[in-house]
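Chain nomenclature is as follows: A, B and C, assigned in order of appearance, with residue numbering initiated at 1 for each chain independently.
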Amino acid sequence: MIRFIAKRLGSGLVVLFVVSALTFFLLYISSGSIARNILGDQATAEQVAMKEHELGLDQPLPVRYFAWVGDALTGNLGASWFTSEPVANSLATRIPVTMTMVFAAMILIAICAALIGVAAAVKRGWVDRAVQVGAILGDSIPGFVIGVILVTILAIQLGIFPATSTISPDSGAEAWVYSMTLPVIALLLNGVTGGAQQIRSAVIKQLERDYVRTLRSRGIGEGEILFKHVLRSAAPAGLTVLSLQLIGMLGGVVIIEQIFALPGMGPLAVAATGQSDLPVVMGVVMYTVVVVIVVNLLVDILNGWLNPKVRVS
Amino acid sequence: MSTTENAPLLTVDKLIVEYPSKRFRAKPFRALTDINITIGQGETLGLVGESGSGKTTLGRAVLGLAPVTGGKIIFEGNDISNATRKQRRTLSRDLQVVFQDPYTSLNPALEIGDILAEPLGVQGMEKTAAKKRVKELLDQVGLPSDAIHRLPREFSGGQRQRVAIARALALSPKLIVCDEPVSALDLTTQARVLDLFLQIQNDTGVSYLFVSHDLDVVRHISHRVAVMYHGEIVEQGPADVVTRDPEHPYTQRLLLASPVPDPDRQEKRRADRHRLLEIQRQQTEQAGALA
Amino acid sequence: MSDSVETAAAAAAPVPPAPTGQSGTVVRSTVLRRLFRNPLGLIAMAILTTITLLAALAPVIAPFQENFANIAKTLAAPDAVNILGTDSAGRDVWSRLLYGGQLTLLSAVLCAAVAIAIGLPSGLIAGYYAGKFEAVSNWMVSILMSLPGLIVLLTIRAAFGPSVWISMIAFGILISPSYFRLTRSAVQSVRNELYVDAARVSGLSDRSIIARHIFSVVRAPIIIQTAAIAGVAIAIQSGLEFLGLGDPAKATWGVMLSEGFKNVYLTPTLLFWPAFAMALTIGALVLLGNAIRDALEDADKIKHRRKKMHDAEHAASASAAKAARKTLAAVEAGTEHHLVKVTNLGVGYPQADGSIKKVVDDVSFHVDRGEILGIVGESGSGKSQTAFSILGLLPDTARIVGGAIQFDGNYTVAPGDEKVNQDRLSKLRGKRISYIPQEPMSNLDPAFTIGYQLVTPMVRVLGISKAEATKRAMKLLSDVGIVNPERTFKAYPHEVSGGMAQRVLIAGAISCEPDLIIADEPTTALDVTVQADVLELIRDLQRSLGVGVILVTHNFGVVADLCDRVAVMQNGRLVEDGPVRDILRNPKQKYTQTLLASMLEGKTPMTMLVSSEKEPVA
């Protein structure tokens, strides 16, 4: 097991390296006129050259990249070219906002999708049909459109929730939860409908397996068969679905934060990519990849625990 | 029986088949060791053994579907152990196959006519001639000619196996490798399909390499029988000798393991089997004591 | 938007098994016809066609240029000139919606095209040839799939500027794994199919094999997947535009949505139209994908229906027996002593057209204590269905259409019951009636140890402690001839051989000391030598425990070895039954005679078995 985790972490590091190099290279291509953009049109050629030297733009790509890697390894992710704010600081203030939302949404998705999916698989009938219709609706309406609709109806028309959620955690837990409700709902709806549908089919597939019939023939109750055997076998499929949803959500939350004007990673990412602010973009990309690697590792470990065949090999 | 004394049609000489292991630098898995068989014209060689004994692999090696790591497969005087796809195309006129599962051996999306015409098309036969040949083939295997435009799923297992046999016969081959062709069939269907195999051999003089796990089937259809165990041939000879009075301990066990459809004779067979197992146990003990 | 991106890909990825081989030229016409008969599919196609036409004809039908602004008339309500009103810059909403549709649809097509161009060939190659190419592609796929789409697109935009086309190409690359995985697993599922081997033996080139046998399998799933991907592409492209990261000179639904959102306090309707257009288009794509899938699955069902028709015929002939059955009221006196008595049992499955397909029809027999009854028949004879109705483990859709089953003097299925009474049976199952299945491996839960699967039923059914159950399980394992019970107890099912797994299942069946064991082809999946050992085991256990056994099999040798009495079944009906010697030596019915004549034992080799001359058809 430890070897397995080490192997996964190792391949994660390789991915991190490849993605960072690729991103750096892509941004390098476009950073030709960056000094001019920062200084504005009035700046002289010398000032631009000075700025380029200051940012290290006059050095060749490999030198710059490995300088960045060296700094990053010591925890120094550089500073924004435009605001001069250290990237590590921006991330530290913004990641909690985004991650709270993402994890709240994921936990709710896992619970709701599992409950609804299992109910649909076991009860069939109207629950099942509702899940099917819900899945089609969820697939049809992009999450950010749901967000926009929610704001328009619940916040602006009815005034039940605040339309923007600029409230910081310091202003009291209640206000914080209140302001976070709509964005989290906007994030999770698609996940619940899609997840329920897939957990439903995974459970149905397991219920049709031979060993379920044999367990019944041994006098084991339906509840025990469902919760101990079937759910355990269906769980890997569900976990994979959830991990893919979480990866997607890291992107989706960017738009949601924009809609609700939340001070999370979204606005930072949008602004930085709009200006080709290399250090900040690198910071955003690294954060995303690290989250993904950690989540995938956790999923692999859980799957290994659930499936003895994986555990042995 | 009808074994000819000429040069054999197929000779397998010291054949070794190994599958590369999935693990890095691990030893390859040896599926077949030192296999020697021959099949004459118009002859049936029955190949019997339990699952994992390598009998199917041997059939596949002859067909070019398994990697030959050592030894030779000689068909009509030519070494075909590493034939290219192009050579195979020529070879396919004389060497054909019927697989076990009639459900997966026919492409479910193709009409019967197209399935039967495939080997003809590969050989460059033109459409009208191919169509005529397909009709002949359907007649030969006892299927109605309107089957041409139907899909495999419209047929029962036995009928599908007839289609598979017709496909193998399309180019009038000299040897057909039959890989458990009746194992997936019901008892009555199995009997009819076995009849068909015998009928075809009578009519065309084709040879069979007939692979089966069922000693009764092999006894019924073969001139000679080879017994496989753990990737090796442990015994081969005339069918009635090998299947009634075997020498090798494994064949002896196999023979007595298969139950007969009469309670009293089966009771006797059971007793014989117990006696055999006891004798063999003592022999291994003695061998162990000597070693 | 990207949370739906990867999940949609994942949702579509496991599709291949269902439509395997259902997509050839012949089937396609019927699939298409079925698609047209599906109202939802028709509506979806109509919507998509309309939207495509409107977008394509935008330059002709749009009353204004996409960026024509009438500054005097901003945020206007709909009127005769601007049928959907104007936006904050005084631009015509209807015109912009049409032009936006153009860009949106084209970008979706571009994205899907790029994804197919990369994913399909690489999936075909990886699936067909496997090896290093597959390993490398799998690695790249796992990287691509762990990148959040929107973040990557933001980065791409930072590098290449705000071009819709570049971001859609990038997104196409990013989402190509969904096609790759779909294609690869579909190809893998057919690569080792025997018909591909047969084509190889015929000397078909790899290219012909892929084109003829393999591409046809992936075609339908690819179409379904493309519908989903196009929807996702529209969503993510609109998301980018919504963030204001698109080309400002172009009208798109995303830009319009963002524009509407900025003016949400003034004119909320501005939001509605682009959102509606988006949901309508994506929804139509999703519905179309579903309709195609349904059409393919219907094609699969056809064959069953055909068989069912056939069965319905002889169902009619049984109506006379049914009438007689109605008169049967209570447990017949004097039959209480039978361990099991099945009386005029009928089992059927309701069909879509309201008829009932009978699989068991008017079957009666009984089993006494300590007796072994063999039920023999070919596939489709209803022998397993009969056995499962005694166990009460028929599929949910099955109905008891007639007759009764009594166990130890009490009804488990009383006359007139539609379903097996689970209240009555759940008290018996595992405790007094137990089951030995056919396929040893698939009947053990791979996630639990063999020990756990033996101990739990004893704890639940007998109410004994775990420690005691463990002790009993060890003894059972050695009773069924397992040499090292401790090791097997701790093992997982995949760590033991098929023969050993079957011994474990037999141990499970006798663990709670039942009165009746139902064994469904218990040796069919085993090698002949292992079969002989397992038959031996069943005989010894039956003798020592004195249980009644119902042995379902197709093998007369197995019957002769074990059974006291035999019942022969064909097409759901009982042909004849009686003591084993009578049936095997002097069968009265023609069918039994044919079955026995088909046996090879004792026949002269190389002679015709059933057909005298050239007599068709199997």
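What we mean here is this: a contact is a pair of C-beta atoms (placed from the backbone, for glycine too) under 8 Å apart; a residue touches a chain by one contact, two chains touch by 3 or more.
Here the structure is a predicted model, which means the values were calculated and not measured.
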- [ ] Select the category (line, ring, star, complete, other) that matches the graph of chains linked by touching.
- [x] line
Open item on the list: With centres defined by CA atoms only, which chain is the most remote from chain B?
Closed with: A
Open item on the list: I'd like the most central chain, judged by C-alpha centroids against the all-protein C-alpha centroid.
Closed with: C
TODO: Based on C-beta pairs in contact, work out which chain pair has the most and send it over.
DONE: A-C
- [ ] Provide the C-alpha centroid distance between chain B and chain C, rounded to the nearest whole angstrom.
- [x] 32
Task: Computed distance of Cα centres, chain B from chain A, in Å - done: 56
Task: List of chain A residues in touch with chain C within their complex - done: 15, 18-19, 23, 26-27, 29-30, 136-145, 148-149, 151-152, 156-157, 187, 190-191, 194-195, 197-198, 209-211, 213-221, 224, 229, 232-233, 240-241, 244-245, 247-255, 258-259, 269-270, 272-276, 281, 284-285, 288-289, 292-293, 296, 306-309, 312
Open item on the list: For the complex, give me every residue of chain C touching chain A.
Closed with: 1-11, 143, 145-151, 153-161, 228, 231, 234-236, 238-239, 242-245, 257, 261, 264-265, 268, 271, 275, 278-279, 282-283, 286-287, 290, 391, 393, 426, 429-431, 433-435, 437, 439, 442-449, 456-457, 460-461, 492, 494-495, 505, 508, 512
- [ ] Would you tell me which residues of chain C are touching chain B in their complex?
- [x] 20-27, 193-195, 197-206, 212-213, 216-217, 303, 306, 378-379, 527-529, 531-532, 535-536, 554-561, 580-581, 584-585, 594-603, 605-611, 614-618
Task: Residues of chain B that touch chain C when the two form their complex - done: 1, 50-51, 60, 63-65, 85-86, 88-92, 95-97, 99-101, 104-111, 115, 118-119, 122, 142-144, 151, 153-154, 156-159, 161-162, 164, 167, 185-195, 198-199, 213-217, 219-222, 239-240, 253-254, 256-266, 270, 273
